[in-house]
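Next come the structures, one after another.
After this come two complexes, each holding subunit A, first together with subunit B and then together with subunit C.
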Partner chain A sequence: MAEVIQILILGMALGGVYALMGSGLSLVFGVMRIVNLAHPVLIMAGAYVAYWAARLYGLDPLLTLPIAAIILAATGVILYKLVFEREARSAKYSEMTVLLTFALAMVLEGALGTAFTNTQRVTSPDYATDAFFIGDIFIPKGQLYAGIVSLAIISALALFLKYSRFGYAIRATTQNREAAELLGVNVNFVGLVSFAIGIGLAGAAGSLVSFVFSFFPAKHWEWIAVLMSLVVLGGMGSIFGTVLASFILAVIAAFIGAYFGATWSTLTFFVALFVVLLVRPQGIFGEKPELA
Partner chain B sequence: MASLDTNDVLVARKAYNAGLVQDVSKERAYWFPALVLALLLLLPVLQFTGNYNYLIHLVLFTASYVVMASGWNILGGFTGYISLGHNVFFAVGGYFAGMIFARYGISTIILAPFAGLVAGLLGYLVGQITLRVRGPSFIISSLALVMIFRILFENWDFVGGAAGVSLKANDLPVQWAKLPYYYAFVIMAAFSVWAAYRIKHSKFGLGLRAISKDEIKAESAGINTRFYKTLAFAISAFFVGMAGAVWGEYLTYIRPNIFLIILVSVNMVLICILGGKGTIAGPVIGAVLLVAFNEFFVATLGASEINILATGLIMMLCLMFFPLGIVGTLARLRKLPRILNWD
Partner chain C sequence: MSGLLEVSNVVAGYGDGPAILDGANLSVQPGKVHCIIGPNGAGKSTLLKTIVGMLKIRQGSVTFKGESLKGKRPDQILRRGICFVPQERALFPKMTVRENLRMGGFSLADKSKLEKRIDEIEERFPILGERRDQHAGTMSGGQQQTLAMARTLILKPEIVMLDEPSLGLAPKIVKEVFSIMRLMADEGITILLVEQNALMGLKHADWGVVLDLGRTLFEGPAAEVLTDPRIQELYLGGKKAA
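Up next is the complex of A and B:
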């Protein structure tokens, strides 16, 4: 029994981190209809910000989290202005943007790989290797802190979307772009801000990831499928769905990893992605069959 | 005023259409692809005068990408289903032929069509599942497919796991060692271009193009879209698998991190976008350009990371400024040279 609880706890802690990694992707898809395959490599960029801040100035990744978020959000604004704004009128918009973000992911991977080489990196604050013990059960501090911070950020985002005027505009644009525009929402500005927030979340997730996983630029391909499975299972565009899916899949993966070996635990996400796309392409909370 | 008989109108219309077809075929420069093929078949004669192995390798490399990109084009270009996972079929073809070659010594050049059939069968099965979704969902499912196969191949001991299997190099003298593979790839490339042409001009190809324009309308016009697109998936997997089969023996090893890296499938997509998706000459022109870029970047910049960056950058610029590709853009401007109009 203790073993099962142990695996459950480890799965939940990772689920928290995945939730933050996936929620930015979900937000960008919801508002902009962009399946951002470059999201994982932007998380990687955030992780490198945290890594170099820790290595050069000895800063704690949790402290550099806002800095990484701001740097990445600024990157998001630049990318939006340079690349995505001009694609808005393209006829095959969703397919074109998938290919574009895919190419962008390659560009960023190449840039990160050239600048920082493909060596495995990880930040190691004291808590990353420490753990709490409750009887026989241990809770790794690093993953616990990461999970808590991630849920705090997602809650803040949810409150912002639910109660602020601008959050209202974002949700309106997600539900129906044309109708929102008719009611006087500046959908282009909403798009820009949500894109920046989404990429900013990638930066925040990056600094958490920097002490939870070891990372190197080419690893983002693996994350693409992992994050896509979260977002697709949760229902594209639904942040709550993404969070729920993160916990479900992380726990399943933890159990598969514990009983069948670590290799097969990664496979969980890929197979889940496949199955969800086929059985219920709109995911748990999605209502937009247009994507199918 | 003479009334028009419906029959007269139909006859006139038929004559007009026949005239159009004749005009097109009069304009068509059949001699050009034939000349290119003849020159390529004669190219190895150079080996008598010195060592041109590098040139042979470049042409072989380009031809292998022509096979793969022409295959990809049938699904991605004609049918409009963009797959980023076609290297799965490259790997399946490579492993099927490579394993038989390693065990029984049958040349992969003979095995290539069978490897293609195996890949095509797998493509048919995968297509049955993934072609239910379209647009971004299809692209994502194709990426997941690569991830799944990578893990499977890396953990399958029978095929050597992550280390792969070494294959015996042939015992021809260095000067001639590349030639069997060279001819195999050049002939496969010619065959794939010819097959793509035949498919595009068949009723089947018309159905595929209808699907890419508007699948619902195509369905209501009586096209069995489900069967058409699955068959297109299988045919495109066939060509990619065939290329994989010979590629393994040429490299003398089969290994997941050669066949199942994302760069292989991206190159197929990039070649088609660069040359022109859904055109016949597009994959050929794209492959020549891509190999040229590749050699240039590797020669001047070396590192593979820069290569990834440059590939991605070219793809982005293409998608943003020339989404129709070279052939498509020139054709739209009506400036496509006659020798490149293979459609």
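Up next is the complex of A and C:
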């Protein structure tokens, strides 16, 4: 029994981190219909912000999380202006964005690799290697803190979307772009801000990733399938669905990892992605995808 | 004769594509119900989208109270008092009824009025009050159309444009939709209606407009359109106009 609870707790904590990693991707897809394959590499970039702030100035990654978020959000604005704004007017928009973000992911990976080499990195604040013990059960502080911070950020995002005027505009644009525009929403501005928020969330997630996992630029390829499985299972564009999917898959992966070995644990996400696409492509909460 | 809204010789289309409207004309008289009829693909929806600024006017002009709407954005046109309820999907399906109504007042500068106006609308359309916290997408087609039309009233608009409000609704519900439209007209709101069911639309209208191949073929009192033998044959004859 203790073992089951142990695995469950570890799975939940990781699920919280996955949720933050996936929610930005989901937001951007919901509003802009961009399948942003560069999202994981932008999370890596956020992790490097945390890493260098820790290494050069000894700053705690949880403390520099807002800075990473702001730097990445600003990067998001630049990327949007350079790459996506022009593209948004193209008729082949949906098909183009997949290729475009794929190319972007490779360029950013190359840039990160050139700047920071492909050495494995990890930030190691004290709590990253510490744990709480409750009887036989141990809870690694790093994962616990990361999970809690993730949930706090996602809750703030949810409140913002639910109650603020801009949140209404974002939700409206996600659900019916044309109707939102007709009611006076500046949908292009909503697109820009949502994109910036989405990439800012990648930066925040990167700060957490920096002490929960070890990372190097090319690692983002592993993350793509994981994040895609989360947003697809959750229903493309549904942030709540993405969060739920994160917990479900992280817990399943934790159990599979514990009983069958770590290799099989990652496979959980690939299999989930494959099965969901076959059986229920709209995920738990999504509409039928209209990507074509 | 210059109307509240004047569309003259408008040429417009989607993106860089061919001109869909090619010589569209329309003169909208204040307080009247205008019905635009024409076969599938005639450009009826395109005309409404052009008026509200979703499509660029390539040639010709659209003026509202003497002011040109050319080059204006949808939000700017909305603020002048022209509301558009597009064909089929006008709502936010995963927002509640109340949230949908709030979105109707998104462009209101004075937000303090918003909740009060929503309360008024819930009083006038009790079903919307009852369903306040329900997702709009889970309501029946008729209720959704009621919500879409009622939502325009939040802005107290001068012109409401309805694109096929009866689409896909049962005859009894269609009647209700038309009676809501009548209610709006009686309040002095000018109505611009596009109807696939031409007979029904014209019967509820004061003014009829026949649009085909992006061009206005006829404009006149609805009664005249209904009785014109040529229009009858081409557009009202069979149930489905060719």
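In this section, the second predicted complex is superposed on the first by the 288 of 292 C-alpha atoms of A that agree within 3 Å, B and C clash if a C-alpha of one lies under 4 Å from a C-alpha of the other, contacts with A are read in each partner's own complex, and residues count from 1 in each chain.
Convention: a contact is a pair of C-beta atoms (placed from the backbone, for glycine too) under 8 Å apart; a residue touches a chain by one contact, two chains touch by 3 or more.
This structure is a prediction, so every number in the text was calculated from the model and none was measured.
In the superposed model, A:Phe255 makes contact with neither subunit B nor subunit C. Contacts of A:Glu222 after superposition on the shared chain: subunit B is touched, whereas subunit C is not. In the superposed model, A:Phe213 lies in contact with neither subunit B nor subunit C.
Contacts of A:Leu182 after superposition on the shared chain: subunit C is touched, whereas subunit B is not. If you count the residues of subunit A touched by subunit B and by subunit C, you find the higher number for B.
When the shared chain is aligned, subunit B comes close enough to touch A:Thr263, but subunit C does not.
In the superposed pair of complexes, A:Trp52 makes contact with neither subunit B nor subunit C.
When the two complexes are overlaid on their common chain A, residue A:Ala103 makes contact with subunit B while staying clear of subunit C.
Once the two complexes are overlaid on chain A, none of the subunit A residues touched by subunit B in the first is touched by subunit C in the second. In the complex of the two chains, the subunit C residues touching subunit A come out as 15, 52, 54, 74-75, 78-79, 83-84, 86, 89-95, 99, 102-104, 106-107. Of all the residues in subunit A, the ones that touch subunit C in their complex are 89, 91, 165, 168-169, 171-172, 175-176, 178-186.
Residues 82, 84, 129-130, 132-137, 139-141, 143-145, 147-148, 151, 154-155, 262, 266, 269, 273, 303, 305-313, 315-316, 319-320, 323 of subunit B touch subunit A in their complex. For subunit A in complex with subunit B, the residues that touch the partner chain are 35, 37, 83, 86-87, 90, 94-96, 98-100, 102-111, 113-114, 118, 217, 221-222, 224-225, 228-229, 232, 263-264, 266-267, 270-271, 273-274, 277-278, 281, 291-292.
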